[in-house]
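Next come two complexes built around chain A: one with chain B, the other with chain C.
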Partner chain A sequence: MNALFGLALKSAWNRRLTLGLTLLSIALAVTLLLGVERTRVAARASFSQSVSGADLVLGARTSPVQLMLYSVFRMGGATNNIGWDSYQAVIRHPAVAWSIPIALGDSHRGFPVIGTDAAYFEHFRHGRGRSLSFAQGRPFDGLFEAVLGAEVARRLGYRLDQAITLSHGSGELKQSEHGDKPFTVVGILAPTGTPVDHSVHVSLEAIEAIHLDWQGGAPMPGVQISPEQVRKFDLSPKTITAALIGLKQRTAVFKVQRHINSYPKEPLLAVLPGVALDELWRVVAMVEQALLGISVLVVAVGLAGLVAVILASLNERRRELAVLRSVGAGPRHILALLALEGASITLAGLGLGLLLLNLAAWLAGPTLEARLGLTLALQEVSPAELKLLGAVFLTGVLASLLPAALAYRQALTDGLTPRL
Partner chain B sequence: MRDLPGPAILLEQLRFRWQRQAPLCLDIPALDIQAGERVFLYGPSGSGKSTLLGLLGAVHQPESGRIEVLGQDLARLSGSGRDRFRVDHIGFIFQQFNLIPYLPVLDNVLLPCRFSARRRARAGQDHGRQEARRLLEALGLEGEQLGRQASQLSVGQQQRVAAARALIGSPELIIADEPTSALDADRQDDFLELLLQECAAQGTTLLFVSHDHRLAPHFTRELSLVQLNGARP
Partner chain C sequence: MKKSLLATALFLATTAPAWAHEHGHDHSQGHAAHVHGQATLLLVVDKGLVQATLESPLDNLLGFEHAPRTDKERQAVRQMAKALQTPDTLLSFDPQAGCKLERTQLNSAVLPASLLQGNQAAPAAGAADAGHGDLEVEASYQCQNPPRTIDVRLFKHFKGLQRLNVEIVSEKEQAARQLNPAQPRIKLD
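== the complex of A and B ==
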């Protein structure tokens, strides 16, 4: 067998161009397969890291997934708000340690605006329990002050003391600008890799203030209240969209959830982020499966290419194999020679694929983390990935048994002088 | 084994056909070649000589009859035993395409030593490299030619490399199948002389198959496969 290994290597080197391309196609297929798997895992991780601190998410009664999507991930619109009084009532429960109110509905140049209070900067946790930190500036304090997420500042090129105006809704209508009440940027948050990076934060009172002269989603005709006059009005919040709630003891979570869900004066919903996310994954699973299916097919195409290349080489190698037989190689050796070639190329393809994947993660990782909040760091091969790799290797070995078996039969009938 | 006097090749009532329903391809009542003989076997193309060589090299098995090579009944060998016996005791030279194109000349010559510990041991020190160089030199190849890939050599040079490979590790029997037919007339004689010299020097039995009668006088005995073979393939 030792005699064969060196020969297999030299023979493969002799056909390095075709085999190299085959190797590359397998490697790229493996990169895709692992990339899809890694992105899937990273997406899940990033979602669950976006709410790592909160024990409950509170909102109007809707589906738990939808509540999570709009309150935490800022995807889609809220269906309903909840009353400030109801909010105040339920968080008075003794098990509640802190809560962060969230009022959504406005935007700045496509970035969602979050109305909240000081608790946001104190209690919000992301990643593995990290709290928010400021790259520049401080939390908002005055009425028309705003704090930007890292991406908002980076993409729009904003600095401290910049004046910005908010738009009503997602900002696609020009006439729904809150142009009369500009905000000043007083703080810019450090990057978190969560939706916080894409948000503009203002106080709940500010949200109230910019909507004083609005009704039903449009400015009231003939009514104009200037920023100076606004301070004379009662600016305490009337409604919020959602709230993140932290408990003193996690064990109380179901008790508090029941307490909120059975609040008599208004239909409220409290969800456990983990449970809602699981539900979300069940929805997304189909897409994941489709992506995985496609990458499995790509791997299959790569391996089929390998078999085709080895099969095609068989004819031109017929004499070579007959010569090997005349110097003592048995049909079993011929079988082993070809199977070895297929297995080695599959293995090399796996290695190269892993290398490419890590290279891609290294090159694109920081960008992906900043823009999408996906952490695709260099990492060890996870057990799930190992299973995928093992399956690819096994399939490659089995597939290369086909040309090997043909060569075996050919070796038996050809003997020492192939009839060509 | 080669020191023992006795037949190098012994055939008795040999019959072979490719498929059960096919007509007989070979039917040789008796053939006996003594150790040390250098035999010219006349066989025009289609006379079944490739088949006979496959039988002697134990890659095909006869339908009936007995094949003894160097005293070994080939039917008694297992599959891997046949492969080992072939490389241990027989060197082959074919009409063309003898060499592995991507291996250097020296590695081509050393191929039998890769597969056979016996040939390796008999080829001497340095895994047979010195012996390979000596043989190649005796056959007129030396220097940087030894490092070249086989595919870069002329046909005549390739046949000489093939002869060196057949000879390395002193197998008792060399079977040559039309080794000169790809060469022009001058080179044929050169090649034949070199091959015969080396065989004589090592006491090797040579079975040389060709359709070219002009070469017959170089050998100690001449046989005709057409006459030996009762079957008409």
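== the complex of A and C ==
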């Protein structure tokens, strides 16, 4: 076997250019296959880690998936807000341990502004139950104070005590600046890899305050309430967009959900985040399957290339194989030699593919994490990936048996008798 | 890539038929979704204690959705009630769990309580909207060990049931599964 391996190696070295290119194509195919799989897993993980602590998400009655997307992931817009009274009423349920109100709608230079309260910094959990921590500063306390997510501070280059102004809506219209009421940055959160990093946090009262002299989505002409005067008004919030709710006992969730969904004064919706995400994955599964299907096809192309190269080499190796036969190699040895070549190249392709993937993750990882909250860590091969790799290897070995079998059937004298 | 994936998901999710997401478990007001062939099962797994709540259009279980008028229909209701109260009709657990059915309760607004034996509660209000009727089954099981797998046996007994939307909650996780007669098993981690 050792001698055979040496022979295979030396023979392969002679054809290093074609085999090298084949190896590269298999490696790239494997990189793509594993990349798709890893992105899929990472996307799921990053989503479920963004709501790891909450048992229910409360909002206006809409589709559960949509409620999750706009309230937690800030994707798409809210269809309706819910009344502050209704919110106060339903969280009085004895099973509710804590709740975090969320008011969306304003932005700062493209980053969403979240009106919330102190519970946010105390109860919000991400990853495996980690709470928020401050890289600098402290939670907001005064009316015009803001806490920035890590990515907001990094990309805009903000520091503590910086003055910022919020924009009404998504901030595309120039006249919709809340320019008269600047906020001071009092805290910057540590990175979390969740949408929190991309958010600007202010108090619910501040959201009320900056809209006091606004009506119908625009500043009221002639009415100007200065930041000093604002404190004299009733700044208790009227509406919020959504809320995250934590329970004393997680298993009581259906009871509380039913309680909220049957709240008589306003149509409310309480969603189990885990259930809504599973529903979302069921929808996304089709797209994932398509992506996986494409990468499987690419792997098939790579392996077909391998078979083609070995098949083509049979002709140029007629002499070589015939010489081997003449010095005593049986047809079985020839079969083994060629199968060994195919298997080794597939194996090397798998290894190189893994290497390339990790290299890509290492190079692009930080950018992906910052931009999309997608953590593509250098990691060990997961069982699912191992299954994929195993399937590729097996297919490669089986495919390379085809040229091996052809060579096996070639007569002893073939290649020694000169063809005319 | 995640963004575009999600954009597609968002699109698909929002353009899915309205009933696909309307399972707010709403009883005191509003109109809960009512799709024949489908039902909802809520499962709470609290270590050894398993509580199951099945909500199904009566049509899936009976073939009709009104108060029984003939003896034959009355007999059908009795049979259904009896079947649902038999331990293995609803759910069966992996043998190591050693689960025992403790209590079953059947509620329906359109069926007389006398036919649904063991039913102490008053009929749930508002279930009989638009000529449709639902049945709610609550069952609790006590297990020696936390169950690893749960098989839904309803499909075998009620051919009218084609799809079951399951929502599972435990101390550790929340999850949703979709079961059908070919795939009736729930795996718990």
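By definition in this document, the second predicted complex is superposed on the first by the 407 of 420 C-alpha atoms of A that agree within 3 Å, B and C clash if a C-alpha of one lies under 4 Å from a C-alpha of the other, contacts with A are read in each partner's own complex, and residues count from 1 in each chain.
Heads up, the rule we're going with is that a contact is a pair of C-beta atoms (placed from the backbone, for glycine too) under 8 Å apart; a residue touches a chain by one contact, two chains touch by 3 or more.
None of the values given here were measured: they were computed from a predicted structure.
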Inquiry  = Looking at the superposed three-chain arrangement on chain A, would you call chain B and chain C a clash or a fit?
reply    = fit
Query = First (chain B), second (chain C), both or neither: which does A:Asp278 touch?
reply = second
Query = After lining up the shared chain so the two structures overlap, which partner does A:Arg92 touch, if you call chain B first and chain C second: first, second, both or neither?
reply = neither
Key: Angle at the Cα centre of chain A, taken between the Cα centres of chain B and chain C once the superposition is applied, in steps of 10 degrees   = 110
Request  = Give the label of whichever partner, chain B or chain C, reaches more residues of chain A.
outcome  = C
Inquiry  = One more residue to check, A:Glu320. First (chain B), second (chain C), both or neither?
reply    = first
Request  = Scan A:Arg332 for contacts with chain B and chain C and give back first, second, both or neither.
outcome  = first
Key: Which of chain B and chain C A:Trp13 touches, first, second, both or neither   = first
Message = Once chain A of both complexes is superposed, is A:Thr39 in touch with chain B (first), chain C (second), both, or neither?
response = second
Key: Minimal inter-chain CA distance - chain C and chain B, angstrom   = 47
Query = In the complex of these two chains, what residues of chain B are touching chain A?
reply = 50, 53-54, 57, 59-60, 79-80, 82-84, 86-88, 92, 94, 97-103, 111-112, 114-116, 165, 177
Inquiry  = Using the touch definition from the top, list the residues of chain A that touch chain B in their complex.
reply    = 3, 6-7, 10-11, 13-14, 319-320, 323-333, 415-417
Key: In the complex, chain C residues that touch chain A   = 1-3, 5-6, 8-10, 12-14, 16, 21, 24-30, 42, 44-46, 53, 167, 169-171, 173-178
Key: chain A to chain C touching residues, read off their complex   = 39, 43, 46, 55, 61, 63-66, 69, 73, 75-76, 250-251, 253-254, 257-258, 261-262, 264, 267, 269, 272-276, 278-280, 282-284, 286-288, 372, 374
